[in-house]
Amino acid sequence: MKPAIKIGILTVSDRASAKVYEDVSGKYIISLLKEYLVTDWEAVYHVIPDEQELIENSLIRLADEENCCLIITTGGTGPAKRDVTPEATEAVCQKMLPGFGELMRKVSLEQVATAILSRQTAGIRNQTLMINLPGKPAAISTCIEAVFPAVPYCIDLINGPYLECNPQKIKVFRPAVS
Amino acid sequence: MKPAIKIGILTVSDRASAKVYEDVSGKYIISLLKEYLVTDWEAVYHVIPDEQELIENSLIRLADEENCCLIITTGGTGPAKRDVTPEATEAVCQKMLPGFGELMRKVSLEQVATAILSRQTAGIRNQTLMINLPGKPAAISTCIEAVFPAVPYCIDLINGPYLECNPQKIKVFRPAVS
Amino acid sequence: MKPAIKIGILTVSDRASAKVYEDVSGKYIISLLKEYLVTDWEAVYHVIPDEQELIENSLIRLADEENCCLIITTGGTGPAKRDVTPEATEAVCQKMLPGFGELMRKVSLEQVATAILSRQTAGIRNQTLMINLPGKPAAISTCIEAVFPAVPYCIDLINGPYLECNPQKIKVFRPAVS
């Protein structure tokens, strides 16, 4: 039996982790991924506070122990003091992919002028792609729709599993093999 | 009596600081901010040469001693050897905001192909937002008009003073509180 | 006699350096530069594998010993484990120019959704401008056409030779001297 394909969903929020409110964002990402992906997969889902060391440890565990091919974070990407998700991501990645943050800010900027305050990024740790999404559901869908078309091919390139998507829901792109 | 809201204007230029020519750029930024801001504020204005240590010390003093909520630099963002303003800014900030540089280059690129040579950035030191603007007045107005709509909300998020603007002059954006 | 103007072309590819296939990309860049440049110049051309230390040493040699005013790399900018050209470039540069990577990804994104996976950048080491181009000829021409208009002026600013171009082939931009 092939091991299941795992995707980590990490909600970073002081208030959601303290149960001041329910985590809508992480669950929303899971529902979007269920729509996108035809391949069987399993969500590994955690809600943690905005503590850099905790975020780093969670990312490492999801990558190294759970063998997630993809980790999507939500929250902690703004300019406030407690917003440290991009720093934690950069600290545990070997390679950064600046194009993800650039594109997410570009598409968000068509919605709100404050999109330039978002510091979200993406990077690679061994065979795991990590992507920061913003905290609010409206911004999440704008951003994930923009970058997801490049995600399955990126995972191919880092020797991860082959992810197949529903073309009715998201058009992914894989260049012809050269 | 509430302490005055202070904004630092830092012109970084060997020639302006040596009085080879007058600093037009820093004064132009002050005049634009006077147009934009309805809230009372006070400019703390300095002209210094392109020396990284000096720029860093000036930024630190404007942030930590003068308690400026915002520091705007002009000059020193190009590729020449003496252009070190972005490096100085990054050295004194705890958080970088790459979206500012991206947007400023994007709007400048609609004017001149050499906009990609500009290395300007923005970042946060404690409760101070620091933004690099280019050195030339034409480029200054293109850049500040593009990013200023996000500035008051950014200062809110880092617990700075509430800046109110004249909507006839600049449309600032504050998302509805969630 | 004036020393010749030299431009380094560095193809970074495990397979091309092992002669599994011929290096088409580096040769294509040389042919494009021949079209663009009216000024006499000489190509210093190497093909090396995707080894970070080797890339760094080649860049340093092309800059410091060959006195290339410009080095253009091709290959090694993706997310795969062996793709380390941007890291090698950053390691040997004193100044980074993020606007090059931003613009190259932006124009490539109009062609393919996976353009955001490209990590290419540009930077300066002393009097040498280094630019990473992607590995595939189609992507090379999209990227070099976008950024080359700013290259001669950048080389002016770092005290390199004056490069004159054929305006029928590429429209370079030099701002009026202030």
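Read from first to last, the chains carry the letters A, B and C; within each, the first residue is number 1.
Please note the rule applied: a residue touches a chain if its C-beta (ideal position, glycine included) is under 8 Å from a C-beta of that chain, and two chains touch if they have at least 3 such contacts.
As the structure is a prediction and not an experimental result, all values here were calculated from the model.
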Rotation angle, chain A onto chain C: superpose the C-alpha atoms of these two copies and give the value as a multiple of 5 degrees.
120
In terms of residue numbering, is the interface formed by chain B and chain C classified as same (over half shared) or different (under half shared)?
different
How many angstrom lie between the CA centroids of chain B and chain C, rounded to a whole number?
31
Could you list which residues of chain C touch at least two other chains?
98, 102
The residues of chain B that touch chain C in their complex are 78-81, 83, 87, 98, 101-102, 105-106, 109, 112-119, 136
Which residues of chain C touch chain B once you look at their complex with the stated criterion?
95-100, 102-103, 124, 129, 147, 149-150, 153-154, 157-159, 171-175, 178
